[in-house]
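In this document, chain identifiers A, B, C and D correspond to the written order of the chains, with residue numbering beginning at 1 in each.
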Amino acid sequence: MDYQSILDEIYIEVQNFLGKGKVVDYIPGLDNVSPNKIGIAIATVDGEYFSVGDVNDKFSIQSISKVFTLTMAFQKLNNKLWDRVGKEPSGNAFNSLVHLEYEKGRPRNPFVNGGALVVNDIITQQFENPVDEIIRFVREVSQNQDIDFNNEVARSELESSDRNYALAYFIKSFNNIESNIDELMKNYTAQCAIEMSCVDLAKSFLYLANHGVNFYNRQEILTTSQAKRINSIMITSGLYNESGDFAFRVGMPSKSGVGGGIVGLIPQELAIACWSPALNEYGNSLIGIEVLERFTTYSGISIF
Amino acid sequence: MDYQSILDEIYIEVQNFLGKGKVVDYIPGLDNVSPNKIGIAIATVDGEYFSVGDVNDKFSIQSISKVFTLTMAFQKLNNKLWDRVGKEPSGNAFNSLVHLEYEKGRPRNPFVNGGALVVNDIITQQFENPVDEIIRFVREVSQNQDIDFNNEVARSELESSDRNYALAYFIKSFNNIESNIDELMKNYTAQCAIEMSCVDLAKSFLYLANHGVNFYNRQEILTTSQAKRINSIMITSGLYNESGDFAFRVGMPSKSGVGGGIVGLIPQELAIACWSPALNEYGNSLIGIEVLERFTTYSGISIF
Amino acid sequence: MDYQSILDEIYIEVQNFLGKGKVVDYIPGLDNVSPNKIGIAIATVDGEYFSVGDVNDKFSIQSISKVFTLTMAFQKLNNKLWDRVGKEPSGNAFNSLVHLEYEKGRPRNPFVNGGALVVNDIITQQFENPVDEIIRFVREVSQNQDIDFNNEVARSELESSDRNYALAYFIKSFNNIESNIDELMKNYTAQCAIEMSCVDLAKSFLYLANHGVNFYNRQEILTTSQAKRINSIMITSGLYNESGDFAFRVGMPSKSGVGGGIVGLIPQELAIACWSPALNEYGNSLIGIEVLERFTTYSGISIF
Amino acid sequence: MDYQSILDEIYIEVQNFLGKGKVVDYIPGLDNVSPNKIGIAIATVDGEYFSVGDVNDKFSIQSISKVFTLTMAFQKLNNKLWDRVGKEPSGNAFNSLVHLEYEKGRPRNPFVNGGALVVNDIITQQFENPVDEIIRFVREVSQNQDIDFNNEVARSELESSDRNYALAYFIKSFNNIESNIDELMKNYTAQCAIEMSCVDLAKSFLYLANHGVNFYNRQEILTTSQAKRINSIMITSGLYNESGDFAFRVGMPSKSGVGGGIVGLIPQELAIACWSPALNEYGNSLIGIEVLERFTTYSGISIF
């Protein structure tokens, strides 16, 4: 299919949305990003690449990192992982703490913050140098050794992490977090502060479109079944409280971050990443969602 | 693919699960069904049929009917429907009433009971003889003019509907239900008391695997986009509070009912229905879930 | 003490609050009451009466009736009553349904609507003519045989009772209401539609200031211990979600209604009733609260 | 009144309850206290003392300290205090975090843990040496310069404070706590680890029975109105989720702690303290509640 023409057309259309949405303003270091950036990149399981716009700018991947750490924890614990964190959608944000209380410290899924903290706790416990291992993993799946953390962003997020500290201590009170909370929060804010380009991001998600196999070196990162399972969690829970609406409109396993990145995939076909920093009311990239919706409409490919 | 061999193999394997689970015991008229029934049927978009077991026994479809009424309401209101009911997963059952209160009487999605009552309210308002129209619709999509309500089941469910009465009045207090509640409850318990066989059920879901087109008469029931959207809601919310786990294990848009029926579909391929009355702790057919999971594993087809 | 002078002074002061607050607007028949009415009446356990303002106008007592029906149910069941309804404060209104769900249909206390419905259910079950018995009780404690229901108000409230219908069916689903819901709601809206004057109301609460004994005929309505216990529930839960603040500012067991009535008492001393229809944001009489707060300040009597 | 005879009789009766209840087991340093201790002490506003049992043993006052810090914060901020913390009962414990979320970090009252943390934050901000000031205050109201913290208990509580850390960070995320959380938690666990005897405790609450005036040196600690207001909060919220039941059975403003202490007061009359370490299911001293209930019954004095 002529993906490049589709991307070019979408790129022109979504210019109309510039000026809408709002760059995240509660994370110093992210709040000064230009809202007018748009980058889109595709990587296919056939080894083709397509892209348009600001595709080489690096941006903070934030919650998208939860997919990488989930993969690492899934590798280590396989299905024992689900004793510690659920795989059900979370309902609305309002009830997140009730859920935790009702379910005795087991977060609903790995993409709510509580779940991501439990996943990070696993990595913090399993690896001697957890932060090094995370960056090593991301460099490998994206085939880019230059990818790194933005230490300033990590530091500033750590300073405004009261809500996440509360979550972590709350879960620890149910004995579902083992690490020292200060260490955990340092590792967690580091993972969120990884910076990548759209092209890196599309490439790095290709293993999930490729039955768990790293396209570049043919190594199995996850089993077919495990890869499918991560995809299923992305479809039910990947876009915060907009997950259902997104599945409804776009129909692609996807994950977003408040840095304005969003990445989705069509199993056996491709991964597509978009970056545009202005967010909608749910904290997802406003233009990113427009891009992915148009892509499934124009290409006619969706999982449904 | 040799679906018949796969069904035959699955049918033998799942015999081991007989004796587990529990037939629904709070609905007189359903509580005397034999727990040892197993029927499985497939209908493909190529016009082929495969089946094994108790495939001609009629059973009460219960919540599976919510897909049919959702389709009818979607035909009438198109996307205006979503002003009245959401499309987000519901989180755990415990919070259903909080959700309704927090979201001012707009249920999270059409498959929670509150949402199904709103959908039934739309049909009750839109049609002069709503119950007749529902049965007419089901007969058409299943190509079986003999399908009917079980009036005894409808009557007995109406008598034990206190919780649904509460939901209906609560939503009406937010002006999101217009009908007289007694009339609404009569229509709603009728829709749940429709009886079909596995074969009927597989055939009746084929339009959702076929981009919205009735396979038998080539009439468009829904647009491609509408059909995909119903599929997306089934994947995030079709199996009560087990939806996430089911998407994780099975990966197929599906809907279940407490009568022991469950039906899923692979877009562009087929619909598969199973009936086995013993339920697991979430109210889904225990053997039905085993059947669907094995089917995706053995056939290798899933949406992820 | 010179209560008359105190009342006269208060009456002048609270004129300043006329024009603030809002007459209840969701109950046809109550929404046309003049917001400028103020009546205050005191009845003491020594048989003295003091009053000022619109003290002979009859008004709809609404939730104040919950104290009378609670007394009647307490007479019938004594402490077995508390198996059906709690005596803990309810926290904020937002969570009322969660409380009911969490505590399996047992309302927190007799003054939340759910609790009052359970109390009315007890009366509906215990008496052949429950509505007649309620009015008979109120006429006896107030020594006024002319007190009656306002049938128009009862009828209009019944028509806008969706929320209470929801509560009643919800509690019935936990088997904590036995009556037919339509009959229960008729009895409940009747009890709320009783009309009394301030003077009637002050007199009618005297038994609670008098250790349970009817001041007028020396008959024991409740034991000393029972009377104290109703007083304790009034202090913790008598003014909706303003109960704590009211106890803090006023310090008197009291009960209010959305008709603008409020009545409080000092054990062994007196009962004081005020009527002024404009309500504050919590649904309590705005001027009524000013009156009671000034009364405890100027008289120097409070329970704390 | 012959309080000594009453205490002697009660002391004999409550021996029957020895062996029931359970000493708190999650606080090292408290878990080794003998469950068979019973001490009761009365201090009257006339300067009389009565006591029986283990009245000179020191015990950990735990949550009872919240009344002292509330008094100190009320002195500093007067009614501005209520911008930071509410005075409404809290409903059930289950919803504590929902309340905080719904009310944007303003705890329901000063006796839920969240509220006590906000009160401690005020003291931490207002005083250079907050811990010294707290102990100075307690020594003054109890007229006992030997009262001190148990540092081992404070240390062990600090180590098992995950839930309180979670609360503190959560409230801080709403900007309703200013202090560094580690410092705050150190001060808070210190306040809870104060040790006093029953006699100390009865004496230390006398100012609240005495319109805010220190009985021993005639200094005004609080205004009459402020003292009454603290009493009203004790009656609605002093015994955790048993407050309503306790007001119903006992009818005395009271405060309890998980160390097994409980102290109540009758305005203008007396303060009565009991210590018995075995707790009931709500975390209140099982024998302590029996003692206070009997005391109001036998003496005939209650506020209702």
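By our rule, contacts are C-beta pairs under 8 Å (C-beta built on N, C-alpha and C of every residue); 3 or more make two chains touch, one makes a residue touch a chain.
Just so we're clear, the structure is a prediction, and the values are computed from it rather than from any experiment.
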Need the most distant chain from chain C, centre defined as the mean of C-alpha atoms. A
Could you grab the centroid distance between chain A and chain C? Build each centroid from C-alpha atoms only and quote it in angstrom. 55
Taking the mean of the C-alpha atoms as each chain's centre, how many Å separate chain C from chain D? 32
Which whole number of Å gives the spacing of the CA centres of chain B and chain C? 48
Listed in rising order, chain D residues that touch 2 or more other chains are 94-95, 98
Viewed as a graph of touching chains, is the assembly arranged as a line, ring, star, complete set, or other? ring
Can you list the residues on chain C that touch chain D in the complex? 86-92, 94-95, 98-99, 102-103, 108-109, 227-229, 231-233, 235-237, 241-245, 247-249, 251, 253, 267, 302-304
Interface residues, chain D side, partner chain A - complex: 94-95, 97-98, 101, 162-163, 165-170, 172-173, 181
